[in-house]
Amino acid sequence: MTPESIVAVAIVASMHVVGLAMLLALWRLLRGPTVPDRILALDTLFVAAIAELMLFGMHLDTPIYFEAALIIAMLGFVGTVVLSKYILRRDIVE
Amino acid sequence: MNMLFAILLAALLAAGSFFILVGSYGLAKLSDFFKRLHGPTKASTLGVGCVLLASVGYHTTLGSDPQPRELLVTAFLFITAPISAHLMAKAALSLKMATRPPEPGRAQTAADERAEDEPA
Amino acid sequence: MNHLPLLPVVVPLFAAALALFAEHRRFGMVPQRVIAGLSLAVQLGVAICLLRAAADGTVLVYLLGDWPARLGISLMVDRLSAMLVLVSALLAVACLLHAGAGWDRRAPHFHAFFQVQLMGLNGAFLTGDLFNLFVFFEVLLIASYGLMLSGGRGDRMRAGFHYVSVNIAASTLFLMALGLLYGLLGSLNMAEMSARIAQAPTTDLALIQAAAGLLLLVFCTKAALLPMYLWLPQTYAHAPAAVAALFAIMTKVGLYAVLRVGLLLFGASAGALAGFAWDWLLPAGVLTLALASLGVMAAVRLRALAAYLVLVSAATLFIAFSLAREGTIGAGLYYLAHSTFAGASLFLIADLVRRRRGADGDRGDRGLPVPAKTLPGLMFLIAAVSLAGLPPLSGFIGKLLLLMATTGQRWVWAVLLASSFLVLVGMARAGTRLFWRVPDDAVAATPAGNAPPAPARRLETAATVLLLAYGVAMALAAAPILDYTRAAAAQLLAPDAYVEQVRAQSPAMRAP
Amino acid sequence: MPASLDLLLCLPFLFALLISLGRPRSRSTAAWLAGAAPLLGLGLLATMTPEILRGGIVRAEHAWIPQIGLGFDLRLDGLAWTFAGLVLAIGALVVMYAHYYLSARDSAIRLYAYLLLFMGSMLGVVLAGNLILLLVFWELTSISSFLLIGYWHHRQDAREGARMALAITGGGGLALLAGVLLLGHIVGSYQLDDVLAAGPQIRAHALYPLTLVLVLLGVFTKSAQFPFHFWLPHAMAAPTPVSAYLHSATMVKAGVFLLARLHPALAGSELFFYLVSAIGAATLLIGAWQAIFQQDIKGLLAYSTISHLGLITLLFGLSTPMAVVAGLFHILNHAVFKASLFMAAGIIDHETGTRDMRRLGGLRRYLPFTSTLAIIASLAMAGVPLLNGFLSKEMFFAETLDMSDAHATMRSAMSLVAVLAGIFGVAYSLRFVHDTFFGKGPRALEHAPHEPARWMKIPVEILVVLCLIVGIVPAWTIAPVLGAAVRGTLGAAAPDYSLAVWHGLNLPLLMSVVSLIGGVALYFGLRRLLDLHAIVRQSLGRRIFLFNVDALFTLAQRLTRRIANGSLQRSLAWLVLAAIAVGLAPFLAGHAGIEWRAPQPMPPLGWILWLLLAACAITSLRWYRQRLVVLILLGGAGLAVSLTFVFLSAPDLALTQLLVEMVSLPLLLLGMHYLPFRSPPERQPLRRWRDIAIALSAGLGVAVLAYAVMTRPAGGIGEEMLARSLPEAFGRNVVNVILVDFRGFDTFGEITVFGIAALLVHALLRRARMAPEKIMPGPPIPLPVPADLAQIMFPLTLTVSFFLFLRGHNAPGGGFVAGLVLAVPLLMQYVMQGAASVESRFGFDYVRCIGVGLLAAGLGGIAPLVLGYPFLTSGHVVWTLPLIGDLELTSAMVFDTGVYLVVFGGAMLILSMLGTIKPSRTRVARDGVIDLDQRSLRTGEVER
Amino acid sequence: MELALASAIGLLTASGVYLLLRARTFDVILGMTLLSYATNLLIFASGRVVAGKPPVLRDGVAATLAYYTDPLPQALVLTAIVIAFAMTAVSIVLAIRSRADNGSDHVDGGAGELRHEARVDAYHDDRRRKA
Amino acid sequence: MKRWIPSWPLSLTIFCFWLLMNSALSWGHAVLALVLAIVVPLFAARLDREFARIGRLRQVPRMLWVLGWDIVRSNIEVARRVLGPESAITPGFIWVPLDIGNIHGVAALTSIITLTPGTLSAVLSDDRRHLLVHVFDLKDPEAVIAQIKQRYEAPLMEIFP
């Protein structure tokens, strides 16, 4: 096994593991039972998506997905924040 | 590529994906919201951190993207993850999903308890 | 390089942007009105120049970004588009005059919306690219939402939601159709697509037909063809007068698109798919006409009546276009211009009536007669005569042309004439109810606290008179107009020349 | 000569305009102006008379729409000359009469304007040398008569009568239009000369029956022929001058005029013969019979008019040249005596205040002169010898007897009809004379009637004198006129005839005698048998008409309300159903179906994504009534879509989709605050199953089409874009190059949409006061820690935004993405710190920002114009700067800056407007606050 | 892959259409959002399903469809996304204004709501009568 | 100087940030980074509400090291707990009294508490004197409070006085 193939296998395996993690989060998203649970599940999905994006970038050997990952990391929390704020106050901008 | 480096990368990837999986597993498995909240917010930070580190290593060695730009992703994640967690916890408390201890130095009455969620 | 085709799109955009800067209480309305007026004057001038340039049959092709038409987006000016640009500019003059009497002050961003509406209309008429057509549809739609809703409240909001929802659904369908068509034909330039359809493998025909059918369905929705017309009476009856008048051309955009796409993509040279859509457009148009005519009779409010008349004219045009002959299309184009102006004028008259009568508005079934009714009554009479297709105004000529072009199709005649009759009866009743009634017991029962009738504003009257004057001018100058519209029809029916001219136009500096 | 013909036609219109615009103060000025038109017209006509009497035709031709054979062609032949004279002469008399008739309250200007309008239209009908032009004026007479009948529009009967007349005659006009078009189609020309010359060709054509029926529909409605006759009595609601003009001499004569005009073209077939004479006979009898039982003088005269029109029609139906002569003659005679009778009726009405014969009687004593005039005219109407009516009636009798043996049955029937009608005619004439001028009465009048003004009687006098002299010395008076008319109608086929009072003892004379005696007997017999005054006849025609019109209106209303009930759900359902049908049609229509091709294999990761998307979409249906929950699920779906874009090679799309998700979520949440907490439950299984069926069909349809298209081999224009992007547009990110260069115009429109949408939101919310269902208790929550963290992030995001903007051309990014990356963190500031706090520090005028953006985009686009290149042509400059190196600048960047500003400004304007809605205090006070304990964990909202 | 994408588009369309036909403004807007996902994927799919070949040109790789996916549908989708967002914004604002002005979030306003309730009542009466 | 460069650390961060973000280092980018480092903070400063001071940065590297180590360590710990039986977990809330007053410091502290596995800051009291922390496995509340105050709060107070 060449080093390249080891890394390649590791990348693909990781992608599937992260995909599995996303499925678990999906389960929580669908299942609930409470609203904060669903928010949390969505937040988790976003975080997992960052990993998946970076892994995909490595898989294809391209930096092209960096921007998308950056955006999720930078702004992915917006959904969590506004949803939580909605529960707290309903009017999310006061 | 160096074999050692390859193994290191593989290990980082394994660790990263492991923590991500554990986080999600906790999310799916644990019974109480506040317990679930710990899983993903933590495990994911380290999990994603490891993956990003691996990515930095990978792209730097392969030369297709010599800058360790993924660090920025980590930086942002470290700033935003606490905001998310903080607000989710607040929201859950507002919905009375857990009883919280009385705040030290304040007399706690039933009426007060309600006011507390929405501090005066 | 001749930049003329570009101006109808760019000038209103600049005007809209500038109008945003002129919006300040400190400035008052004057700067905005000046900007709007100047912009419209330029557009009118440009439209006339375009018309003259296109009159001899040349197709002006403007390659945006200097890319060949297949790669980039091209603007196309043939007889039809030049004519429609002129019609919308002429209509806009009247609408702007009317709005300038005060509505523009009450509706925030009115002038920006108005200019963008024109930009959208002109863009839709001029573009030679199907996706760009979608974009300009959206431009004119969003501006129309703005015009309709800005400054409004109450029922108008509900009607607005209805209008917006239907249009979003239609736009979604538009996009789906575009996606499928690009997937099948690999191009978005209409001329290019036309050439590709002719060479499509037989296994793709059903798919192309399905996709193109969806596309035409969208256009039919915008043009309010059965069964997708239900949104129109709602919307038009609730829009402010100047806006409803401007909307008289909105259904025409849908019709234009049907005509353009139907004849360019599925024209004579489209092989197996030639003219596939026309067969069912005719019965749909006939049914729409029947229901719309009944709607005219059923309308209690004058604005609703005007809205149904818009529908009548759209349905009539569908009938004319679906017959797809030089005579019918030429006649239809004349009728199109006529019905736009006449329909618009009726909305303005309805508003005049509504404001003069106070609380009862433009209801026909109760309320006081219109005070100081001579002028409004006369204007209503002229509009009604024109819209019912009675002589000697443009409506008669339009209808006459249609009837002549459809000699031999007896049931088309029957429907056209029957619709004329219903419209005549409906308008006679509406007119006598509004202008000829005197206070009777029923009226005495309405609360005396009627809002005092608003005075007639000169500009508003001028706007209405202008629209009616267009109709008179169209009747007087029918011969040259008909020459033009027939030539336009001929040009549409022989799309090969158009396609050739588009494909042959080479960029200024690039390789073709 | 042609010029004077134009002038002749224009005169009435000119004077109508003059009167209505000039608004003369005094009524007599108005009357003089109104009278001047027909008088001048008569003068003009006189100048043309020699030519006409020589048998010539005066023409004036102007082009109007030559393409369709419609010219403004006027043509004055004998027939037209006769009718024009009639229209003008009686018009002049009517104007004069009206001047004295109108009360001070009535607007003389309006009446004269309408009258002149009508006169002009009528002249147009008469003079038209082109059938379509004739039709134009024909319909104008309908419109102007509508206005005239409704002159006293404060009266219900006037409005109804006007509407009825318009509906019937206007509707008939439409039929006539069709008929004329068919005539033109058959002949190939609408020129009257051509049509008249093409009689045999027309009659031989397969379309002849249809054409004939359509034309006759026009004729019969206009001339009040059975069964369309009922509008005429109701038109009597018009002022009497109007009735005298329209319903004796002109409007109703337009129909029979057309019959005469088109006689050479249409008559001469069996169909014509039976149809026209049968209808004429029916009208003749019904009108005459009904006239006997009227109580209103004008009603009696109206039915009498119907009857006489029937007579004329019958004559034209008989089609023999002599019948035509008789018809023309009777047209003239009837016009004269009926106009005078109407005027007399008007005088009676004017002086007594009533036209009801039950209240009248014995007027002979009060109005001796008028009575005499009216009696003479009535006798003319009854067909008493030595009066003009007698002559034409006698000719009519002769013609019924003169039918060929081929029509023997018809001959007997028509003779009988003629005698019967004669009897009825005498009876109603007698009734009029007897009930009005003789016997007891008048009853219950406000004041004793007396003779009217001198000048009011003059028109009646003139007409009655005409009745007399025509009746006594026809050959010296009417003969040339009739001769001209006959020549104009029949041309070479004009027969020889003699206009003499005495033709010897013959059958027609016997018939006259029978009808005179029979009429007297009938009248007095009827009086003996029943109380004529007690009979109140309902007009059956009116009832049927009103019933039909009401039914039509009701049907229209019901149908319209039923179909267009304003339901959005219905609109959308129809749209979707239509789409399904259209998508399905080609596969049912028998085209070669879809050619299925195998898909590419799917990696497991793809299925995970698929599961994510599908699960979110389907679960959102389960939860859609719980709005907060469904938004979270939609967030999942949005992420799945973005990831799909990532895996399927669209990083730009993924980026944009993500950012739009991040903006839409707050947007929807902000909106949700002002909407009810959830959708109420739906418990209509039928409706739901219907919707499910529609949804599934739509989904299946789209999926099938999508699959079929996706599996086809690729070959889009995109390939050329790939190839030319770098060398010619200097960008590596081809998607961005398309956005700012290849298809920059789309982007141009797109940002306009975006900016305008934001402005619309601004316009809608600027002054809106709204309240949520209920509000949360307590003051806003401070969020110091998240606020601080977000504040630290802000400069970083600003930098990223700039980065994405600059890189867009070569890597994922661009103006749109960058604009949102600037907007979203700023929104976070709004969320964390509150809108007031942010706006006080970071005061942006987002409206102007949009304006600047649009201007920048526009300027970026037009810059190349200066160099002679088209709009949006991108230029490319590489500056080599010391120290810094190569600086690449493309003009598309200016354009992209515009995009950036519009997107930023627009997004912020939308969100900030939504975030800063002013609450309606009253509503908040009314609806109260949320009980926090009532909130459900499951949905996050108050459960009700 | 095509099967998955097509079925996903179909599912999104079906869900969107179902929501579009609901009676509340917000539900209709949700339907539009789902439909816009479907639309975007459909347009995108017209460039064919190509994994891992983003149309960002790299040196030394021929700029053909063999190495890059068709960029044009992507650009179209971008435009569509932006326009859909603008429309969503307008419709949500319209929904809240309509509710504030007319007192109901039924798509047909207060009258529509009453009609709806009457229909539901009739249905229940019917059920009760049958039972 | 304060007027043009409101915050040196921020300007420095942005400078590095820009250079990191771009795929290649070049003079051009350096110049651009410099410009941004000056311009962006000017904009951003307008949003700053509390203008909290930044003190000595001496403690930063040690801080980061401690933090990194703690994250790794407790991640493993939490992972173990998650994979183990749930009944073994005893979660709970504790109020941590705060001495730090600088808002940046408080923010950093709450972030650190959240980022280190096993603890999660939920609520900051209105007077900012107490922080409600949820502990994943709460055995000894005092020990947790002591660890937080000593390991994180003390150095943070030096950085953000």
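Labels for the chains are A, B, C, D, E and F, by order of writing; each one numbers its residues from 1.
Just so we're on the same page, contacts are C-beta pairs under 8 Å (C-beta built on N, C-alpha and C of every residue); 3 or more make two chains touch, one makes a residue touch a chain.
For clarity, every value in this text was computed on a predicted model and none was experimentally measured.
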Q) Among all the other chains, which ones are in touch with both subunit A and subunit C? A) D, E
Q.
Farthest chain from subunit D, going by the mean of C-alpha atoms per chain?
A. F
Q) From the centre of subunit C, which chain's CA centre is farthest? A) F
Q: Pick out whichever of the two, C-D or A-E, is joined by more C-beta pairs in contact.
A: C-D
**Q.** Where subunit C and subunit F are represented by their mean Cα positions, the distance between them in whole Å
**A.** 61
Q) When the centre of a chain is set as the mean of its C-alpha atoms, what distance in Å lies between subunit A and subunit F? A) 22
Q | Gap in Å, rounded to a whole number, between the CA centres of subunit E and subunit B | A | 32
Q | Residue list for subunit E, restricted to those that touch at least two other chains | A | 20, 25, 28, 38, 42, 44-48, 52, 54, 56, 72-73, 76, 79, 83, 86-87, 90, 94-95, 97, 107-108
(Q) Quick check: what residues of subunit F touch more than one other chain, meaning two or more? (A) 17, 21-23, 110-111, 121, 126
Q: List, in ascending order, every residue of subunit C touching at least 2 other chains.
A: 131, 135, 138, 142, 145, 149, 161-162, 165, 169, 176, 179-180, 182-183, 188
Q | Every chain pair in contact, whichever chains are involved | A | A-B, A-D, A-E, B-D, B-F, C-D, C-E, D-E, D-F
**Q.** subunit E partner contacts - residues on subunit A that touch it in the complex
**A.** 59-60, 62, 64
Q: Please name which positions on subunit D make contact with subunit B in the complex.
A: 776-779, 781-783, 785-786, 789-790, 792-793, 796, 932-933, 935, 937, 940
Q | subunit D residues touching subunit F - in the complex, by the definition given at the top | A | 782, 784-785, 787-789, 791-792, 794-796, 798-800, 802-803, 829, 833, 837-838, 841-842, 881, 883-887
Q) Across the complex, what residues on subunit F touch subunit D? A) 10, 13-14, 17-18, 21-22, 26-28, 31, 36, 40-41, 43-44, 46-50, 52, 103-104, 106-107, 110-111, 121, 124, 126, 128
Q: Give every residue of subunit F touching subunit B within the complex, in rising order.
A: 17, 20-25, 71-72, 74-75, 78-79, 82-83, 86, 89, 91, 93-95, 97, 110-111, 114-118, 120-123, 125-126, 129-130, 132, 134, 136
